[in-house]
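Here the structure comes first, spelled out in structure tokens, and everything after it is commentary.
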């Protein structure tokens, strides 16, 4: 069979790292081809080469057997290659329509012609069931809808080779199912799809073949139907990975944190984003707040951690009302917070790793004495944490946080928050975008903490994580807790229905 | 730790320094071209005046320090704010209100004992400057007002307010400027006038240069060595993360602007209390020293110690440019040269890259050996240094 | 830069240095025998720097003497002294320093450089706090009776039919103040002669606070013209440029200052000139003739042709050469004490305090 | 009524240059390049335009020479802004530094060149450009007095530039692409837009407009040019921020500033203001104070282009 796209012996270097090392990848027309690999294996880089964002140092690309030059996205577009990027490339203050036509505008008499474009986008969206409001601003729509915009962008350009770079990382199970359906439909129309994901079950579900990369090198291509998930993950990591978390039953203790009738109003739209929420977390349990992104969980966490003042209700920790305490006081009283956005809140990227590891402690002795920072003590402590938590970086505690890989940045935050030995640990999407190895590690750490009698509030969109890790599940929908579930008795499908708001439960 | 020259050459600080140096060389070269074009016969002598004018005699050397004093202060003001993520373009206003406060105290509070009079005047300037910095700080922290525009507004408000107050309180109507301050309010010469003298004409340099240097060192220590500096920098680099960490980021912004203002205000005092016979003119023109601090800070890479050096360097060029008049050149050449230097210092990042790439190339065999050794030990080679 | 100086006869477009580099002939040893130090302004400030420079340059060119001007690095006594030092190092025998800001530096420099001669324009050497006035034999001070120039302008404007006048000075420095006071008194004198009633003549009186052309000045002038003022005496360097811009819009009139500004705009009806270049020229002549009037202060006024209106280029409607000659004669002769009793800068606190019967002065601040 | 006509006419002289220059800044910043060099570019534009007028004013009639001078000012503004574009786009330099350098360079350069060519630093010009009354339109009651008497071609040019800017920004392909580069250059790049070229265009347009603005600023308010535009470049920057990077709001901001400045400068000629006895310096402060107060209430939701000031690096993520 002829290949529609062949990437032959691609080598791409970045300063200090060979991201793609002599990689060959062949796509058959009409297949869904999965690309698997750990964080930093070079998947996005390879795709960026195919899409014309990067120029490889070595290697050639062929389409239908003919060598083609792809120097920029215009070239790839002409060749019918489209890409949904891992980090969406959407202009936040543009409308959906503007984003879709950007770069492929039609112009008459110097004027942008949006009418015709609007019609054809509308048609596309109906045909593939990609529901979007084309006049909404990107900033105002959900992540799921943003993804649909990205897909529409490709379809609008009539691309026939579609690259999806980790499209499911940000979707709910229902949305993932929908996406899979759409992908299958697209393939049935003769389009070819390259699909990047860390989730093996998804590969199992839709992909025909799967290529695996490891540390920039090509490991091999397998037929998905003939390969088990364990085999694939071993190819990817180079060792056996434990996909299930082993944990003992929870030994719960006192109530550590209690939230009562908490309400939060959005400052701009004045809509209720958190509505009369009450729950408690006990020592020795992991309570999971499950929900689709944008249902108030971020605001709820901000209120608990002090980044935002609630409009009504109280928050107690260890029996003390902390609703109006400043953030530092809460930290001092034993609250830890692994934030949702590691670059926005979690790290000062221009500080080095050592400085970041003492972000909530620099003012305490011995890191500080009479107002002066004690560098040696800070680095000593940092090195200790780096060792203990296996945080990898080029220059140890002196590495700029900015230059660290996402996975190791996340490890640093986890290390910092756990090492403060909190009574109450709030972990928001602690494994987002990480590879299985890193996920395994962080999950193990969280369970360890629980077993040491910490109260843990876990906020996650990943159903597997929710099911595996939690002792109790609270489902949040449109700012309200709509169900309190036991992970041992509820099924993933059911959980999905609660999260989507189509089912409400008894509140325990 | 023992100082290793080799390690220093490989360090970031060294490449930064080299890139500034290269910018200076390019700037001077273009300056020389300008001289050549405008008056070939005198170009070499004129250029000599630029390069060595500040060194021709002790007085000129003293003048270098005298001119450096206020621009070091406004440079520190800008650089300090910059390090904490703020763009203080309001030094002009802070400078002039500081100058006014100092002059007011210097003229009016003559009952103060001699040795404290000038110090009180400096304090007054510090406070006035701080106040002027405080306003944009508060607006930024609590009302999200872009500090650039707030600072520009405060510059003009400061200028008009000072014009009004000078006329109301300390006006020398014969000269349309502020009255001379009392002798006790003049910053002591600290013997510098005996050292930096040529013939019987002493330089205007005074203890102000020590105060400026001290200010630079203090700012360096505060930013780099203290917990307070850690907080300010954290806010500057990432306001959200600072808040997350429990740092009161609003307070930090306000304090940071106030300190920047205080530095500029102090600069105003150091100039107008220098005893060089300078008075505040009642004109609707912003204090140029406020803007001159920006290039000084940028050339010094916003580092307090860098600013000390670059302030002295710019002053050195200024003195050279003044002397260049002997060879029939317009002093504006100096401004052109400084502008070109600043322009090329903007390329620092790229130059730094070149320098580091060059050094690396030289080190290649060594590095590769090291890398091999390291690879054997660890599975993942993370953490790019660049 | 400021509101004083320059008799320069030609309303030339390019006033100052013609070709500096060429004219500034360097002597063989690379020195400059005649030097001028500008104050904060430049030699093309249309004011005393320019006037003095033209006098010096003309003399130097006429006699083939090397000459040059220096700019101080900032506006302070020390900086002026440094500039003087630089000039001396550059070989200067005579240094011209225009502007009262040089009073203190010259007071110091006259002792420091006893072999160098100084011509201080618009001032008398004194120490910092005005407690000691002393002029050494190597210094000559030159003062001008600006009030007489202002008087002539005010007189001519009212005689020519203006009733609503304006005075727009740069900074309220002594020379500018004298111009303004003279202007008011000249207008009053003319009004009396014409037998006008009290309040028939009005003068808006204002100092802009600078010597630059700015849109603010243009706006203010425009608003005055708009409110009925027909003639503004623009007394302060480039301030005049903005006033002229406004006058062109309003079809109104401007009185220039220091030098003959009729070439700058059709709206300039006359200029209150003072003979700065001429005095520099003649003092230099005296120096080379060995009769340097050291230790003295020369006062330039109508009697020694130190002030004037340029009648040849004036654009009066009815005010004639004969009218001008008559009033000028009176000043020269001090008839009725007209010159000697004229109020100057230190006589009253403000223009509003000048006793006028017909002219109403409105102070604008 | 006359007072009102006067105020409106006079306000134009302040507002139009502010409008033009702020619109220029808008193009640059919306393409992602912060342009603090507006002041310097204005000086260069004014200088070359005035020098041109000074040289040819005897040979050519008023309006044509004005139009040519505007062209020259625009070209020279573009030329100098090219250095800014090169530093900010190609060299990925700190945009504030290169802007500061230009601000420093421009007046020194203007003085230096003026002295080389003319021996003095001030360049005089004859103002043959004022239009006492626009034919026909000037006769219209009220409106004619407000907008078509005592005016300059440049006033209408300002409005033309405004309308064009608005149209280009919101209704053309270029505008869409320009805005996308200022918000999210990676996104623009990923759909095949040449970010480098767009940013160059943004900076060059800002250079042209700032150059024109400099000339427009000088012409009605003086009869010579002395290497300064009195800080109006910085004010234009303030207008740009005040106007939230949007043409319509920039218009409002420019006129707000212009009116305030006019009142502050002209109050002594306005009967009821003249009698209030408020000190002159207070009037002068009013525009700046008001701006601060207004900003305090309106800045909560700033709309600065997200990527402005950040050099675009293909590789960065």
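A, B, C and D are the chain letters, set down in written order, and residue numbers restart from 1 in every chain.
The working rule: contacts are C-beta pairs under 8 Å (C-beta built on N, C-alpha and C of every residue); 3 or more make two chains touch, one makes a residue touch a chain.
These numbers come from a predicted model, not from an experiment.
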Hey, what chains does subunit A share as contacts with subunit B?
D
Can you tell me which chain lies farthest from subunit A, using the average of the Cα atoms as each chain's centre?
C
Can you compute the centre-to-centre distance for subunit B and subunit D, using the mean CA position of each chain? Integer Å is fine.
29
Between subunit C and subunit D, what is the gap in Å from one C-alpha centre to the other?
36
Quick check: how many Å separate the C-alpha centres of subunit A and subunit D?
45
Using the average of all C-alpha atoms in each chain as its centre, how far is it in Å between subunit A and subunit C?
77
Which residues of subunit A are in contact with two or more other chains?
14
Residue numbers of subunit B (touch at least two other chains):
163, 284
Contacts with 2+ other chains: residues of subunit D:
115, 279, 284, 301
Every touching pair of chains is listed here as A-B, A-D, B-C, B-D, C-D
For the complex, give me every residue of subunit B touching subunit C.
39, 59, 63, 67, 163, 173-176, 180, 200-201, 204, 276-279, 281-285, 318-319, 322-323, 325-326, 328, 331
Please output the residues of subunit D touching subunit A within their complex, sorted ascending.
171-173, 175-177, 179-180, 183-184, 186-194, 301, 303, 306, 314-315, 317
Using the touch definition up top, name the residues of subunit A that touch subunit D in the complex.
14, 51, 53-54, 72-74, 77, 83, 85, 87, 89-94, 98-99, 101-105, 107, 110-112, 153, 268
In the complex, subunit C residues that touch subunit B
20-21, 24, 26, 68, 70-71, 73-82, 85-86, 89-90, 100-101, 104-105, 112, 128-129, 171-174, 209-210, 212, 214, 216
Subunit B-touching residues of subunit A, taken from the complex the two chains share
14-17, 40, 215, 305, 307, 326-331, 337, 339, 344-351, 355, 359-360, 362-363, 368, 371-373, 392-395, 399, 403-405, 408
